[in-house]
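Here is the structure we will look at.
Chains here go by letter, A, B and C, matching the order in which they are written, and residues are numbered from 1 within each.
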């Protein structure tokens, strides 16, 4: 299978600290790939490098054969690399409907359209309807985002990223903080993401990792510690040693 | 030439005493206090009233020029300012502009809009020659007083317990709170002290800067320049910025009077664009 | 795909998204009253003219403050530049008002475009200082170039031609008010169209959360540059209106208190819905008129009191309440949860 997202010898230093240490990583097309590691392993830095929030000290990032190392975050999104955030980053004053309309219209280059009222673009309403159904937001489409239940906000977080029609979707702890009652809805939604989107899941929750991913990479001290199938990694004694004290469900 | 440098230094020192309280407000509580100049004006008017109407000797008025604004500052901080620390900058700007407008109109109402002229004692008047340079006696006096103030400030900040707590609080208020430092008390004290210093600066500077009800608006930009260009992480930054500004302003007005304040403002914009954190900020 | 019972039809989604773009009753009433004032208050055309101009100026500030979250202490820079542009054109024989407006808008937009790159760097405080600095530099330039601007004496000899070649400006300000009101109306119509477009929505999203805005592919800086430039052009036109209708320009158009006043005007009326600037202008001018009648010269004191009280009382909460009231009265806006989605229809 072809790699859709690759990094080559990616390094990021903060002063003397090496937060990302020579990471060469590849995400296969259509993959369900999880990136795990203890706290402080450099997962967040790695995501920030992929999305362009941070620039690497050295190394390259390639998306579908094109070098995106120097691109701004917004340009990477346009090329098909979208993300969700571990802590909700939503537009509190807007409704889910507006939020999705915005994402869809930006994807179609509609953000430069400063004259036609919102919602006139053809196909926009249909697409918002589909997104709302897929992410179970239909009944809250017109509520203010700040007033939504946390689980719904998490779903919206997923929906906004998905509305960018990404080839690669980075999910940063999608289930973090979601109350038990709303959890299953979220997991089902994640599990039913279409297969043409390649997913990199950054997660602490091993239940979710084992049920969702088919490959796992382990990051320790900024470096890639090991990589393999769920079966290989979950039985690897070295990984267990790294996670000693961490919550690994047996 | 050297006379200009000398005058510029006197002017810069004055600006520092006037503005250093603002540096703390901004650095410690991230509060944009556009009304800082009003405290300076208060000090100036306390001095002017005491000298002109009550006949108190100039030097004796200075402690009052410090104490009165400090007290006003303390009261306002406890009653009004502290409610706004957590608000956004727009609210802070609106609030402090409101205070300035009130101060300007009140002083205008009570004292009239004319400039206050203060008779300096005769021993502070005139010029003298030091090492072949013509220097004004009053400006030498200002340099002397302000230097003492700067040294005392520096000692307080670096040598005392209060100073180290203040520095800790400026660095990171949350951590400081965690260490059991009473940040709110430190801030009230510092706010009052800064207001007092501004008042003292206003009194000392009445002769050089002029004193009328529009004082807080006229000099607001200068104080802000000192603080934004100097940065708020130390007092050295604002001090150097004050001296630079003072010398540049005096020299500019002398050599290129037609350019006016143009040079200063342009320079400020350029510096802020190149170094948004200030000239002397520590790289983060 | 089976739709859940609550699902909205595509037509309903389109209607809901387009709702902000539709005219509502209070808005229409507002403009009817503004036109009605022309006939009802024939002796107050001069102050009505000032209100229209100040309103437009505040709307221009709302574009950057309310829709992009940039606090400016130097918006008078654009107002003043527009005023001098229109005034100088008219003085040197190009007295056609609309030509003057266009030139003022172009000059102010150019300044806005150039300075936007300076303003958009750095934190709030740096923005404040840079906007303030730009206005001060301009004020200083106007003062020094007295051969061109008349310096402290003001720009004399501004001779305006009739509006559209038909309506000569009169000393009662009647044509002036009609002209300013018409220009303000047209520009507000354009502005509301812009803010309810996808571009406008992207501005709101940037104000709400720039991090996420970037993460859905919005070029944040380019959008801010665009709206800053637009806002500058609006302010320039407001300045031009003042120069044309008073046939005089003084240094005061660039003064700090003009920047502060417009911030106050906008705050009184409420930030972020365009009409705040217009309503604020009415309240501000009426207050000014009233207060300076009681305590001439010291009315600034009361403005200060209003500012302080307004901030302490919670400015944003007040605006929010007022807006909710308007929504409830007109049935416009979002239905609360559980309400039928079609309630906000036609």
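In the analysis below, a residue touches a chain if its C-beta (ideal position, glycine included) is under 8 Å from a C-beta of that chain, and two chains touch if they have at least 3 such contacts.
Here the structure is a predicted model, which is why all the values come from computation and not from measurement.
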item	value
Intersection of contact partners for subunit B and subunit C	none
From subunit A, the most remote chain by mean C-alpha position	B
Whole-Å separation of chain centres (CA-atom averages), subunit B against subunit C	34
Geometric centre distance via CA averages, subunit C-subunit A, whole Å	40
Inter-chain centre distance, subunit A versus subunit B - centres from mean C-alpha coordinates, in Å	50
Subunit C-touching residues of subunit B, taken from the complex the two chains share	26, 32, 80, 83-84, 87, 89-91, 93-95, 97-106, 108-109, 217, 220-221, 224-225, 228, 258-262, 265-266, 268-269, 272-273, 276-277
Contact footprint of subunit A on subunit C as seen in their complex	1, 3-4, 6-11, 13-18, 20-21, 193-194, 196-202, 204-205, 208-209, 211-220, 223, 334-337, 341
Subunit C contact footprint on subunit A (complex, rising order)	51, 72-75, 77-78, 82-83, 85, 89-95, 97-99, 101-103, 105-107, 110-121, 124-126, 128-130, 132-133, 138-144, 147, 160-161, 163-164
Subunit C residues touching subunit B - in the complex, by the definition given at the top	65, 71, 73, 118, 121-126, 128-130, 132-134, 136-137, 140-141, 143-144, 256-257, 260, 263-264, 267, 297-301, 303-308, 310-312, 315
